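One chain, chain A, appears in both complexes that follow, with chain B as partner in the first and chain C in the second.
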Partner chain A sequence: MLSLNIDLLANGLIMGSFYALMAIGLTLIFGLLQIVNFAHGEFYMVGAYAYTLAALKLGLPAWAGLPVAFAVGALVGWLTERTLMRPLYAGYRSWGPMKDEYAIVVTFALSLLLINLVDKVIGPYAVLGPGLVDVARIPLGPVMLTGQKLIATIIAFSTIIATALFIRYSLWGRQIRAVAQNRLGASLAGIDTTKASSIIFALSGALAALSGGLLAPIINTTPDVGSFPAIKSYVIVVLGGMGSIPGSIAASLILGVLESFGAVYISYDYRDAFGLVILIVVLLVRPQGLFGEKGREV
Partner chain B sequence: MNQAAISRLLVACGAALAAATVLAAEPIRIGISITQSPPGSVVQGTQVKDGVEIVKDMVNKAGGVLGRPIELVYEDDQGIPEKGRAAAEKLITVDKVVAITGAHQSSVCLAAIEVAKRYNIPYVNTNCWADAVRTKGYANVFSAPIYSSRVAESVAETLGKLGAKNIVAFAENTDYGIGQAKAIGAALAKMPGVTYRYETLDRAGKDFTPAILPLRANPPDAVLMAMLPPPAYTVINELYEQGVAPTAKTWLYDTSGLADYPDFWQNVKQGAVDMLNFALYHPAMKQPPLAAEVAEAYKQRTKNNPNRLIFQAADSLLFIVDAIKEAKSTDPAAMIAAMEKMKFTGTRGTFTISSTPGPTYHQMMDVPTVTYQITAVNQPIGQTTLLEGPGMPLDLAKLKRPAK
Partner chain C sequence: MRSALQQRLRSELRTSLVLLVLVAAVPILVRNDYWLGVLIVSMYFALLAGGWNLLAGYTGQFSLAPATFAMLGAYGTGLLAYHWHVSPWLTIPAGILVAMVVGMVLAGIVMRLRGPYLALTTLSFAEIMRIVIGNSYGFTRGDLGLSIPTLMNDRLAWYYVFLAAVVAMQFGLYALLRSRVGLYLMAIRDDEIGAASRGVNTVFWKTASFTLSSALSGLAGVLYAYFSSLVSPELGLLLQTGLVICMVFIGGIASLAGPVIGAFLVYLTSESLRAVGGVQLIVFALLVILIARFFRDGLWGLARRILERPAR
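Entry: the complex of A and B
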């Protein structure tokens, strides 16, 4: 029983680290720009395909597929911001009142477009990406891991830490936080708020795509694979507190562990419901989420 | 050219034009409801489309049916029951089809047959295995594929001969998966000393490790799969990664014909080696000459080897075409009456249509089945070890037990 519990804990933390990588990009957009991005899951999907096709079609080594996925994701995120999101805050005043509706409709349309485009261009068949390492089983005490899961977890945690440091200490990171706090104020202080928005979208796309690349050898990639990370990410972002990176990380790990234990000790059938139940409980007790701040209006 | 010759030429051109116009204006329209976009299985939908397109071309090339070409009208059901219902409604009321076929997911079939029943339009089930499609007893619904309780009998028989006593099944949370798992349970219940349980897994799920981990401490004698791709691929990989199956102790037994999907080897590797497979097609099995014709057309069309879905789709459309010929009419009631009495020869053999109420109602009887074992990574089905087939009893001497 003890070894099963250790197994479940390890599996939960591993899945949690993947959830965190997926969710951080969304928390940046959702929390900092207050934009609902329904196409976030498709950023993940694009990364998974970029990683897999770079290796299978271009013949690149699997390791090289990760920067390719990161770059493609950043490009898709940047293009999304430049072409679809700019009207929200780039001087088009008349768009202001319909900001939320516009973002929902346009990102939902983008999601459908990307899914169907990939379905027609690449095809509906599932494909498993090549592993970064070719080791099927690594016994770590009572825990049995694949080489891919171990490496992917290490890269996921490293990327999460690097992103948190980037947001906290870099010049661009400070500009992003300033825009998140007060767009007008940041603008008056000389910060290029439009550029900051571009950076947020590009970073969000890159992180989701990197997550897709890391999981491509574990989860079969299909055109609709993005629905899974998108739903998890929304739960995590709200649970952790919108815009809070530490909150997203904590919520991801909690969700991963909860799902892992719940699937065995309650029922696998309700696995996806556990996150929603804890979300409702947390919102009842602490509406701003685990690490979120209470909203202030003047 | 004299005036008489010009007149004859004009008359001939006019007649040809008129004939062409009649042919173009009055095709027999047959509705095809398949998954062409997610979340349903687009892979299956693509294969069904290939199968019916091949037959449509063959029939039209041979002069059509009742002197009229057949035209296929496609609707995308996305594998969603409500969309399947809407697709059937549109095909019948707007496109005025004389029959519907193509559906390949039980949940969609169960929704769509309600609409077809209301309009009394012939509905030929292409790949819905759930018994419930038949047990409803709808007079206008006919089934070309195998059915869950027949699969269960075959699987239970094999498990009995393997001596498996402790059996666990993973079933997807669909009408097909749960129906299949229950049918296997009912078949195994007749065998003394066998313990059986099944775990339903979310078809949209991506990580099934928590469901697999408890089996590491208490490995069963056999793990059965009643799941479709892509989640089925993930489960196979995770069973192998966790060292649960296939092993010297635990058989891995797929009951849904996974290995003949075109993307199978792109998604599973070592985990599928030594896996037992219940299936409906193996290149070594005997088939009528028509099957070779369809198989060749499919290879030319897609550069892939055919699988059971191609033949099931081909048979579904051929069955409708034969019913029109038999009834000498496209009147739905006449077609249904003809279908009930027909002895139909398709790509998979010659079938009678059962009228016995229950899971065989309006079923093409004695659909050929096979059992084989995969023995190497990337192995084509033709090179797998055929353990059982039409006219060939189960031969366990050929079976290879995993080394550890």
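Entry: the complex of A and C
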């Protein structure tokens, strides 16, 4: 019984680390622009395909697929910002109050576009990426893990830590945080606010795509594979407090563990529905999230 | 004297009625069951688009669950008809009521919040409802769907039932929007804090708008359930919601005529392009992005601006 629980805990934390990789990008965009990117799941999907096709079509070794996924995700994120997000920053006075709506519709349409484009170009059938390692099972204390999961988790965790350090200490990271706090103030201090947005979108796309690449050998990739990781990230950013990085990391791990235990002790069929229950309870009881500040209204 | 808004609503109502009269005349020329079916589904989408437009276009609340409420309405009806063989006189109102009540409860939860929370919550709600219904094999037969007895085998009769529903919706929305309530809704859309400060009970009216919009979706779902005599979780696919949003934006958001025009245009185009295979959604998604980016009142707005230019 105890070993089962340890197993569940470990698996929950592992899933949580992939969720965190997804959710950080989403929460960064929210922190900067106060919008939700509904095409975030498609960044994941693009990464999963980039990883898989790099190995299957280009014949690259499996590990080389990860930087490819990272780069393709960064490119898609950057292009999204360049082509679609610019109107949000300034001007467009006539539809000032419609800012949220513009962002929702444009990103939702982008998600439809990417899904159907990939469906048309690559095809609707599922593909499975090559594993990073051949080792089938690695005992880690009392827990048995597949080699792929262990390696992928280590990469995910290191990337999360690197990202957090980047945002906290690097010059670009400081600029991004300044823009998130006060866009006008930051631009007066000489910070290129548009560049900060570009960096955030590229980073967000790259992280989601990396998450897709890491999970491609475990979960079958189809054009609509992104919808679930995306919905999990939405739950996480609400739970962790929109815009808060430590909050979203903690919320990811909590959600991963809850789902892992819930699937065994409550119901396997409805494991994906726990997120909604959590989401609604949080919105009712604590809309600012577990770690978020209470919103200030003008 | 009528205000500019009332004149605008009246001309939009007139345009949509002209279109619907043309649609009513189609069976004189076309008796092909396939194309009548295509037009019936277009009208199903017109109901969804009209309901979503009330919520998104006029009240400014971007729900991502119109198709889900159609699914809920269809299941409300379908489960009663399938398990207990209840008479359609009861199942039809019951289905609409299910969509309405769920909409009201959900709105009660999310309408106290602003910004992207509503879109997030309704999107999650949509996906999870589909999972719950798809996985409850014992009760809903999961992805197999429920087959229920149809009410009429005559496709032409269904054609006019759907048409009557769309016409009724247009008159109802017109009456609602030109009344005081319409002003409340549009005030909430344009400046929520401002509206509240002038004494509009914003939470109440947003909830009311959401409930009414859900009821319209539910009505569409109920009619579709009896028309196709099959109720399945596919009704609530996110893709269907995507289509509804495409229709409203391409036709023209925040107008009475736009969503109806968009529904026919998008669905008929999508059926004609079926032979080409899979490109229609790429085209629509691109169109929506371009419209949202560059001329946000859609085809109807474009047409109106071209028509009005010489008069000025």
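General remarks:
The rule we apply is simple: the second predicted complex is superposed on the first by the 284 of 298 C-alpha atoms of A that agree within 3 Å, B and C clash if a C-alpha of one lies under 4 Å from a C-alpha of the other, contacts with A are read in each partner's own complex, and residues count from 1 in each chain.
Rule of thumb we're sticking to: contacts are C-beta pairs under 8 Å (C-beta built on N, C-alpha and C of every residue); 3 or more make two chains touch, one makes a residue touch a chain.
Bear in mind that the values here come from a model prediction, so they are computed numbers and not experimental data.
With the C-alpha superposition on chain A as described, chain C and chain B clash in the combined arrangement.
Of the two partner chains placed by superposition, only chain B is touched by A:127; chain C is not. Contact with both chain B and chain C is seen for A:272 once the two complexes are overlaid on the shared chain. Judged by the touch definition given at the top, the superposed model places A:9 against neither chain B nor chain C.
Applying the stated contact rule after C-alpha superposition, one finds that A:71 touches neither chain B nor chain C. By the document's definition of touching, of the two partners only chain B reaches A:144; chain C does not. Of the two partner chains, chain B and chain C are each touched by A:119.
In the superposed model, A:259 makes contact with chain B only, not with chain C.
Of the two partner chains placed by superposition, only chain B is touched by A:223; chain C is not. When both complexes are overlaid on chain A, the residue A:38 reaches chain C alone and has no touch with chain B. After superposition on chain A, the stretch of chain B that runs into chain C among 91-99, 217-225, 235-243 or 325-333 is 91-99. On chain A, the surface touched by chain B in one complex and the surface touched by chain C in the other have residues 116, 119, 227-228, 269, 272 in common. The touching residues of chain C, when paired with chain A in their complex, are 56, 60, 62, 64, 109-110, 112-113, 115-117, 119-121, 123-125, 127-128, 131-132, 135, 189-191, 193, 238-239, 242, 245-246, 249, 277-279, 281-282, 284-286, 288-289, 292-293, 296. Put simply, chain A touches chain B in their complex at residues 3-4, 7-8, 11, 15, 115-116, 119, 124-128, 136-137, 144, 146, 215, 218-220, 222-225, 227-228, 259-261, 263-264, 268-269, 271-272. For chain A in complex with chain C, the residues that touch the partner chain are 30, 34-36, 38, 84, 87, 95, 97-98, 100-106, 108-110, 112-113, 116-117, 119-120, 227-228, 231, 234-235, 238, 269-270, 272-273, 275-276, 279-280, 283-284, 287, 297-298. Taken in their complex, chain B has these residues touching chain A: 37-39, 42-43, 45-46, 173, 199-202, 204-207, 209-211, 213-214, 216-217, 229-230, 233-234, 237, 240-243, 262-263, 266-268, 270.
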